[in-house]
Amino acid sequence: MKNRQEIARLKSLKLPLVIVIGLVLLCVPLFAGQFFSYLMLTFFAYAITVIGFNLLFGYAGLLSFGHALFMAVGAYTAAFLTSTFALPYMELILVAAVIVSAILAALIGALCVRYIKIYFAMLTLAFGMLFYTFLLKFYYLTGGDEGMRVLRPYLLGIDFSGTPKMQFLAGTYYIYAFVILAILTFVMWKIVSSPFGLCLKAIRDNPEKAEYLGVSVKKYRWYAFVISAAYAAVGGALLAPAVGQVDPGLTYWTQSGTLVFMSLLGGFDYFFGPLIGGIVYILLQNSVMSLTSYWRFIFGAILVFVVIVAPGGIAGVIGSLVKRRERRD
Amino acid sequence: MTNEEGKTAILSATDVRKWYGGFHALDGVSFTINEGEFVSIIGPNGAGKTTLINVLTGLVAPNTGTVVFKGRDISGIGPEKLSRMGMARSFQLVNVFPNFSVLEFLMVAVVSRLGKGTRLFSSLLRDKQITDGAMEVAHLFGLDAKKDMLAKNLPQGDKKMLDVASAFALHPEVILLDEPTSGVSTSDKNKIMETLVSASKQIGIKSILQVEHDMDLVFSYSDRVIALQAGKILADSTPALIEQDEEVVCTVMGKKECFKIFSSLQNKER
Amino acid sequence: METILNILFSGVFHASTLFLVAAGLQVVFGVQKVFNLACGTFYGLGAYFGITVVKCLVEHNFPKALFIVPLIAAGLALGLVVGPIIERGLMKFVYDRDETFQLLLTFGLVMMLEDVIKFIWGTSPQSMGGIDMVYGQLNVLGATVPVYNLVVILCSLIIAGLISWLLMNTRFGRIIRATADKREMGEALGINMKVVYLKVFTLGTVLGTLGGALVVPAGAAVSEMGMDLIVLAFAVVVIGGLGSMKGAFVGALIVGVLKSLAISTYPEMEMLTIYIIVIAVLVIKPQGLFGGSRV
Amino acid sequence: MGKTRREFVKLVGGAAVGAGMLLAGRGKAQAQAKPAKGVPSGPVRIGAMPGLSGVIAVPGTAAWRTTQMWAEEVNAAGGILGRKVELSMEEETTAKDCVERFRKLTLETKCDVIVGLMSTGNGLAVGPLAEELGQLWLAWDATTQKGVVETMPRTKFSFRSTDNEAEAIGGAILTAKFFPNIKTVVGINNDYSYGRDCWDAYQAVLKHFNPNVKFVDALWPKLGETDFTSHIAALKKANADLIMTSFWSGDVPILMKQATAAGLFKRSKACFTTGGGAHYTLKKEFTPEGIILGYNSFYFKWTDTWPLLTKFVNAYYAKYKEYPVYETDHAYFVLQAYKEAVEKCYSILGRWPTKEEVGKVLSGIQVPSLSGFRGYREDNLMSCNFFMGLTSHKNPYDFVTINQMEVLTPVQIMKPFAGAKLYDWIKGWKS
């Protein structure tokens, strides 16, 4: 029974903590510079992507090495709607991104979820690279290597073109992105604590047994694939207006590696792990890239270190520290 | 569906054959399980018992022959669909979700029984139907005190129980148990069998088919015993008759054990 | 005829280096179940190191015509040094982990080694000049083929032969085949798996570095060569079947010749064709053409 | 984090300045490092964004080296109006990261000017950003305009490079001049916008001079390809009189080598419009004489009468044991243009100018750069000469140089103003 109380205590502690951190994040533009706010803005986009990615990786146990594809789908949707079709409504962009990515993911996923582990990783990698070559090759459609411009979207139907860009990004757009992140985080929390989430975890732990318990393993993997793709597309669609330009580099396989890196760094066994990983990755990249031109070496070394020494990621380390402390108490 | 003895057939195999290369794991097996029966399958190692279970649960498709469950051919249908049709199984080797607590483990089965697996946004823990369903089974198998323990941290016997309990939590009509007492100390075996029988009554399981090595258990709990040898049915009868059948007992238990039993019998007769 | 021969020769030449790298990938995957993303980087390392060694020797009046000897030696030596360092220093810690971690470890290696190359050799392309031309050209039915390219093809074939001999006729080969099927098998037979893994990973590394060293006289070493190759090597092993040596051989031939063919008939489709075939193979026959037969 | 980093840069910058002063102090009299009247006392912060990995690493490295050399030299001579120059480097990678780094240099590091970038895609991303942020951006190579389309007609803060197609146009002019008798041409260009635009422009111009020429095939290896044996088989199959390529990076020596090894140049002439991008890797052993080779806007050996060039090439070689490539002059010019624009503003205003003021003066400026005078046109496009000629083995190096060198002026190879239509402009030429 003591165990239960402790869990309850932890849970009651967790929610206020999340709310406080969320409020601090929301208020960043008030006390930090515009650049830091911009970094946080990119973090929001990546956070949405990795939180969806982790449904697949952490919960369903499927390592996708081509997930940047869906981020690019979202980003290119934003580019097409704002530049080509002159429909700069952010809500429309988000909905379109979700629909396009869901359809694409439904097709790709139907093939991919038949495989697991290394085969799944390779198949998704192949699809990511196929999309990459597609973006490069069909340049009259996608702008090829140069990519496409993403114009400033209307938020809730309001045109903010009067506001200077940085003020827009660190102000209205920042709040907009934050709210979407908050909503999608909450939705994901609901998903992982739903019967569906339980079944996914069951599949990850032991797919054979899950099947005997009547869980449609492939179908559920497929659902997870589609959901995570939709999240990535929303992330990409939010990132694109902030950057102002999309290019095929977004879907190169090393970009997908970055998403895996973030999840692993933060700890994919924990709900908030990938978020921690995302923020640490972005801040780290920001400072390390300025320090040395050999920043890839440092990042590679960090990845190797995490894999060997702390496979639970930052959240895992914190978790075990908390546990040790509790045991001492 | 009702056969001549007034019993309702629920699961039947007709001339099932399964071979792997040149090796005939099942070589023309036919039998019928009726509602309300507790059937044990016995046989020496390699007689084809586990292959038979795998064929019956639709995991492996037979090369020839049919398996009919509730009037439908289920050869190769796959475990997931079968579980929804009302057949569940447990495993010879412990087969659990290592990182799940006992309660979560059972909830997976309950969720699937209630068809709530695709509920993406409803809260699992607030759904009384699910939690109560899981608690009920945990209670039946005496696991309620350990409901928050992780499966991987349970003692071996409890792991086994949990595996069996999860099959029961599906509320199947027929349950196939692959050596439910293997790896459990002799003293606990009877307790497990008692639990199984009473749980199946509570839940309303119609028939139990089990593979079992312990002859005492087989003879004391089964309504019927099917003896397999080299992929063929050697005998299919009541425990009382099987017990007397020297050939069967000798095949299943080995010459030495057999000699002990029958020599004493013969001595008595003399 | 000339055209067909030209396409074939260039395809096979490309295939021969692709085979070496893919074979390195396969042997490591077959035994250790590690999909080594860094195999392309080993290839790049081998190329740079090969140039450095040969250039240094030629400057000290080493006979140009014999450059192939120190070149091969350089490729071998580098693999024999780098392989064990990485295996003992990094890989051994993750063998009992999920294969996801192993994949990510090699991804980390790719990032690190890329900068190591940049640190040592800078960003300028490195070449040996026209050293490969000392072997001249050969005229086959109207097609002009550089003899050095044939030498590379020959070397690759010899190495392929050596590997299959190693696998079929030596104790080490039997151990590899046994452990490729079942890891426990090796342990059950009382084999020191630590040593086997060390040897296998080193073999995989040597194949990569050797491939890089062999190809570089015909081209130049550039910083992006490893990244470029890993995607192709990946295509080879998927088409041929993960873990299968025969698969690496046939897969490399398919990718090499197909690439060559696409370039001379419909150049726009070059990479697209390869990805589409990869996906088709994964969908239709996920174990690849030779996935059933191990190593 | 930002603060410590700035301190770090200060340390490094300080060390560089110190070293520079020591070196300079030996020779001439040390210039006073004291800001002029009306000039802020802190250093001038210059952000540089070189590409240091992948295909852009070769020119990127050269440009970054040049930037550092320039800064040392200027600091040794007292800086800009007495203010020291302090460099902040951020690597050019993907468009997304470039935008981020550009913002960082502007908002965090508070750079007075940002130089750099090479990829057109990155230029298209950063160009509008520079205008939005009001940050001076002097591009090395990354264009926001292509000869074919103009994406940013009127810029105030973005100072752009020459049109992408300039070299291809020059290459075609020289092809018509040197090889008037060719009948068939095959192209091999990288499969991306620069390669495609170059091939289109080359065809249009050559057709203009030589209406009977046939373009028999076009090959499109992807950017970063390192093995061309298959492409060479296809080139052989095409069996054309001339091979045209706009390769400019590490792929140039590989293509040259493999083509020579396969005996391709026995039959065909060639035009490497941009091959001088890594000219010291084109060794004599495998590079034939008499093919057209373009050095872009900088030729390390074009004259001995321009001391700036000779001095720089010697200093560069002494320091890095490599000869400078075309990107060095882009890098040198943008910095020199900035410095002189600031000084010009100061002479008028008597104080340190704003970014907008510097931008106004930069429009139409002409400054002495490494390869002669260079400038910005009124539409803020760089205008400079391009160097092209026929390869020759008659030199003391182990690589080829060019003779019969032609200096192609911007008037010849760049359309007259940013909004003009490239192909209409070409059609309007006199034959």
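As written, the chains take the letters A, B, C and D, and residue 1 is the first residue of each chain.
FYI, a residue touches a chain if its C-beta (ideal position, glycine included) is under 8 Å from a C-beta of that chain, and two chains touch if they have at least 3 such contacts.
Everything quoted here is computed from the prediction, not taken from an experiment.
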| item | value |
| --- | --- |
| Chains touching both chain B and chain D | A |
| Centroid comparison with chain B (C-alpha atoms), farthest chain | D |
| Dominant chain pairing [most C-beta pairs in contact] | C-D |
| CA centroid of chain A to CA centroid of chain B, Å | 44 |
| Gap in Å, rounded to a whole number, between the CA centres of chain C and chain A | 34 |
| Chain B-chain C separation of Cα centroids, rounded to whole Å | 51 |
| Residues of chain A whose C-beta touches two or more other chains | 137, 296 |
| Residues of chain B whose C-beta touches two or more other chains | none |
| Contacts with two or more other chains, residues of chain D listed in rising order | 52-53, 191, 222 |
| Contacting chain pairs - touch in the sense defined above | A-B, A-C, A-D, C-D |
| Chain A partner contacts - residues on chain B that touch it in the complex | 57, 78-80, 83-84, 88-89, 91, 95-100, 104, 107-109, 111-113, 116-125, 127, 130, 148, 163, 166-167, 170 |
| Chain D contact footprint on chain A (complex, rising order) | 33-36, 38-39, 42, 136-137, 139, 144-147, 149, 164-166, 239, 243-247, 249-250, 255, 283, 286-287, 289-291, 293, 295-296 |
| Interface residues, chain C side, partner chain A - complex | 33, 35, 90, 93-94, 97, 99-101, 103-105, 107-116, 118-119, 227, 231, 234-235, 238, 242, 268, 271-272, 275-276, 278-279, 282-283, 286 |
| Chain A residues within the chain C interface of the complex | 63, 65, 111, 114-115, 117-119, 121-123, 125-127, 129-130, 133-134, 137, 253-254, 257, 260-261, 264, 294, 296-297, 299-304, 307-308, 311 |
| Chain A-facing residues of chain D, complex | 1-2, 5, 8, 52-53, 88-91, 94-97, 99-101, 103-104, 106-108, 119-121, 124-125, 128-129, 132-133, 151, 191-193, 196, 222-223 |
